[in-house]
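Please find the structures below.
Below, chain A partners chain B and then partners chain C, in two separate complexes.
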Partner chain A sequence: MLPSIIIYGLINSVILALIAMGFSLTFGISGVANFAYGGFYIFSGFLVWMLLNYLKFPLILAILVTIGVVGLLGFVTYWVILLRVRGIPLSEVIATFALGVGILELFRWMGFVTYEFTLPYLKKGMVLIAGVPVDYQRLFIIGIGLALVLFLYFFTHHTRIGLAFRGIAQNERTAISLGIKSDRTAALSLAFGSAMASVAAIFILPLGIISINTGYEVLLIAVAVGIVGGLESVSGILVASLILGYAQVIVGTYFKPEWMMVVYLAAIVLVLAIKPSGLFGKFKELEERV
Partner chain B sequence: MKKNTFWVSILFVLVIFISLPHTAGAQLKPSDPIVIGVPTALGSIEGRDGWMAIQMAVEEINAKGGVLVGNTKHKLEAYSIDTREHEPGIPVQDALTATEKLILEKKPHAIALGNFRSEVLLASMDLMSKYKLPYICSIAMTPLFQKKIADEYDKYKYCFRNCLNSPYLAMYMTEVMRFLGKQFGFKKAYVIVQDTLWAQGTGKGVDKWCKENGWEVASFDAYALGSSDFSPSLIKVRAQKAQVIVTFFDMPQSGILLKQARAMQIPALLAGFISPVAPENAWDVFEKEVEGMVNFAFEIGPVPVKAVPKSVAFNENFGKRWGKDAKIKLSGHGPGPSYDSVYMFANAIERAKTVEPDAVVSALEKIDMTGVVGRIRFSKDHQVVYGVDPKETALGCGFQWKKPGTRVVVFPEAVAEGKIELPSSMK
Partner chain C sequence: MKFRKERLDRGIKARCEDIFALSSYREILYLAFPRVLPVAALLILPLLKDVVGMYWEKVLMITCTIGLLALSWDLMASVGLISLGQALFFGAGAYVTGFLNHSLNLPPILSIPLGTLVGACISTLLLLPVVRLRGVYFAIITLTLPLLLARFIETTKILGGTEGMSGLSPLPNVWIELYVPVFALLICLFGFRRLINEDYGLVLQGIRDNDRAVMSGAINIYWFKAQAVFIAAVAGAFAGAFMTHYNQVVGMAAFAMDYSIVPLTAAVLGGVGSFAGPTIGAFILVPLSELLRAVGTLRVVIYSAILIICVVGLPEGVFHYMRRKYHQFERMVEVG
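What follows is the complex of A and B.
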């Protein structure tokens, strides 16, 4: 059973990291907690499904179009909704959460609620790793997770926009004084975060069905991983994903599967009680020490 | 003083009048329709299809002139409301509020289809009692429903159920397991259910039977509503070498259990109920991975059984009324009894010659008719009797998905159209 736990724990961890990274990226740069994240995630799933089934797009084209559309949606969301409430955290949360709920409940209203809404595997079949069967889709998830981490590192260290992202994240006023446009960078961060939600959805949803409730669950996961690791820290997200991913599989295997969801909630409570800024978070660290 | 007394008396009468529950009048005028209220989870496939089946039955009866009450025929009208009770996180109270809204606005003479979740069903029984509404439930399955009626008959006598309940499902499942034991020598099961009253109840029934009949239950896992990762259980199924995975799920996400089991190449037979695997289109939706699974249709009709011609006719007529797409999506639980419930009300009202609730209840208790699900009779605790012979009882059936995408009825033996075979991964 140990090899199974190690392998499926790793897969579960990468899934959590994929889900949380887009949320963390947006928050780390623009300071906006995008609570429409779950809505964007599910919107991506349904959009791919509709492109495949109604317009008969090839899978790859449907994926590319969806990532582009959802990225654009994030960009527009900043200019249309967030710009007016920027700097008022509570209003930002309410505005984005309302948008997310609106998207999810619109699909519910349209009748997208049954088991028929599934996305195809990129490739069917499986391999045995240390005697444990693992399907190709899960291997793709591990691959895309690693690729995204590498891409993020390269992007934020070696591109103009990425460096602007980091500049804004480190000190917005100084960055502005150096000519970096704060609103444009924040809008781009929302676009990138949304596109990452889309990538996560496209690779993870084939393992399950596209369900409205998953949208709410995804938001909980993103927040839980962010709180444990530190909302703005990519390395924190990775470590938190590993902790929560393995904890879930161990709880599900050795205790009861119905307690798996409790892992998130327990982790949130514990971290908030001990180190509210998260394991790798810096935002509030000084205040906490004081 | 006298004037004051007069106004106080008027006020008192008004208060009494307003506080009394209002439903449709027991006496029908010649042009009055008989109203059937349908509060259910319309977003679930069971609720959606049950509501379509009810509309179909209403149209059929109205096409023949309606329901004869005394000397006058009355048309039927049916109204639905979405209780959303199948969704995770919807409080029982919300579903009850929706039900009461329908009762107050449409003033129904009877309630059909009704609750999806057993937890809501138990709470809604008080509502039916309050408004004295004859109610035939066609989805929720907890046996506690019958216990409440047996314990407080006068209060809950308005409530009936014509779908399968958990003990009957457990009975069907254990008969299949007995066959699997005899035919293939299986003795080890792994039970995976969703964490709801009916599924836990059925799972525990199977668990008890296994322990009393020489089977080993490797583990009993329950998953919260909305769960979509079953790999912790599947890892254990493989490690503990269970031969049969017994499943009871009605949530949309549950089809993924099968997909994950196939992806992980678990060498065990899946048997039980996974709601999304029951409809005709599951073969395509799950890209042929349903092959080999033994699934139940809780009541026949969505799965036509040749030995019961009405089930075949219902299946065909549903396709004609709602189109092929609706027919291939027909769920395995709810549509047959929902359709029958309209005919049961019509039958009871015609015999009672009134829509007066107590008279209708009394007529329903004596009902003996043949419907889509087989022979329909109620037990003393208002549950339609299910068994293995459609001439004697109502019928559910087990079917196995086989190439090239057909559902072959394999249980009960009296109506079986094929035998259970092991999937290729287990041969």
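What follows is the complex of A and C.
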């Protein structure tokens, strides 16, 4: 029992972190809460499926194309919709929310609701780790999660765009005065966040079927992890994912798997009551949230 | 030679938006017309049930319940609380009423008011921990709450689980079915408009505009926010309670996304912050969606498209646009 909890808790935590990172990256940099996140996530899944099944793309090409397309979609979303309502939180929230719901319900209408919509594993088979069977796909997820965290760290500390991201996140006006273009950086941040949603989707969705309700769930996960950890800090996201991931697996093991969703709500309420800026929230502390 | 559009207020406006100097019956009529006409229309429409048919009377009823939800959204928006989950209020009212009727056999005349109050209390209690949050954070939580509650009912199989509770008592007669939602809508519409212009409402608006300033006036803003949520929840829960008895069944559909996104779209389409706007929005959207019934679930996609277009292209909303056209002269003047 214990090794199983430790291993699957870790996998679950990495899944949560993968899902939450794109959302929190966008929010941390541009202050835009991308409520279309779940829509982008599911869109990525179906896009890969369509590329594989209709156009017979090889898997790797389909993945790369999807990440590119969804990233572009994020960029265009900012440039066409969000740029016009920037700075009005109500309108930003409503516009992205409507976009997300629109994407999800469009797929529902098009009939993407049956069990045939699954993505292939990268590599079939499984290994035994400490007596617990783990399939390769879940190991890949852990690898991708680690790779993405490392990539993000180097990207934001050692590239021009990454440094511009951090500049805008820390102080927008000062960054502008140093020649960083605020709108372009924000649009890029949305593109990056969306691309990360699609990376998460491509690696996580093969574990089950692509279901439209997952889209709403993904948004919930991103938000719950973000609130618990502090929406703009990467270390906060990681710690929150570990807490929530293990809490879920423990609840799922000792109570009933259906109770796992309740963990989010409990965590959100507890954190908001005790430390509203999240466990690791730094920049946007109490005054922004409460 | 260049022209620009000049806008002039009509001569009856004195000092500010809502003080008028009237000097003739014509001017009184001019002011009263846009207020009396919709009220009269709403009161007369149910009488014409043999002319327009029960189908469209049912649409009127649904419009009124969506209007109630949109009004409750607007009241919360006036305190700066952006809700993406009006289905919470609707579902809470619906389920409590269903439970009271199904398990305790209360008649509708008791179960609807009780269901409204208890449902409103429950949803207020659920929102109480997060009422401290502002803007985006509050919106996020409200979005997730109805989804979580639906999941909770599915998981624990309480209150009928996925099946819901059916076989509830019907409403006594057709006039009650038709007039109760109409009166509820009118009471909420004019009540909320009155409320928001009272001193109490000024505090609420102050919290929206600058909550720190209100706090520094030694006012407990969380207590006021909670009250506003409760008032909004009463309106929303009543809609749910009424529809439960009308449909004679309550199920997880009461927490469906439709009840969140349609009122929101109605409010944004009609114009936020005026209460008349969301009502107009509901009266545009719901009949429209009945006409679109053939396209099935694509309706939600259409709502989303309307929502995006309105937010980006018509941010003031239909009501504010119409009011401007009604109250102002417009003419082209030469610019030197």
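We take it that the second predicted complex is superposed on the first by the 283 of 290 C-alpha atoms of A that agree within 3 Å, B and C clash if a C-alpha of one lies under 4 Å from a C-alpha of the other, contacts with A are read in each partner's own complex, and residues count from 1 in each chain.
In the analysis below, contacts are C-beta pairs under 8 Å (C-beta built on N, C-alpha and C of every residue); 3 or more make two chains touch, one makes a residue touch a chain.
All of these numbers come straight from a predicted model, not from anything done at the bench.
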{"item": "Partner chain in contact with A:5 - chain B first, chain C second, else both or neither", "value": "first"}
{"item": "Touched partner set for A:223, first chain B, second chain C, both or neither", "value": "second"}
{"item": "Which of chain B and chain C A:106 touches, first, second, both or neither", "value": "second"}
{"item": "Partner chain(s) touched by A:272 [first = chain B, second = chain C, both, neither]", "value": "second"}
{"item": "Which superposed partner A:261 touches (first chain B, second chain C, both, neither)", "value": "both"}
{"item": "Contact residues of chain A, present in both the chain B and the chain C interface", "value": "108, 217, 256, 258, 261"}
{"item": "Residues of chain A defined as touching chain B within the complex", "value": "1, 4-5, 8, 12, 108, 111, 113-116, 118, 120, 124, 126, 133, 135, 137-138, 207-209, 211, 213-214, 217, 249, 251-253, 256-258, 260-261"}
{"item": "Residue ranges of chain C in contact with chain A within the complex", "value": "77, 82, 84, 129-130, 132-137, 139-141, 143-145, 147-148, 151-152, 154-156, 257, 261, 264-265, 268, 272, 295-298, 300-301, 303-305, 307-308, 311-312, 315"}
{"item": "Touching residues (chain side chain B, partner chain A) in the complex", "value": "43-45, 48, 87-89, 195, 221-224, 226-233, 235-236, 238-239, 252-256, 259-260, 263-265, 275-276, 281, 285-287, 329"}
{"item": "Chain A residues touching chain C - in the complex, by the definition given at the top", "value": "33, 35, 81, 84-85, 89-95, 97-99, 101-102, 105-106, 108-109, 216-217, 219-220, 223-224, 227, 256, 258-259, 261-262, 264-265, 268-269, 272-273, 276, 288-290"}
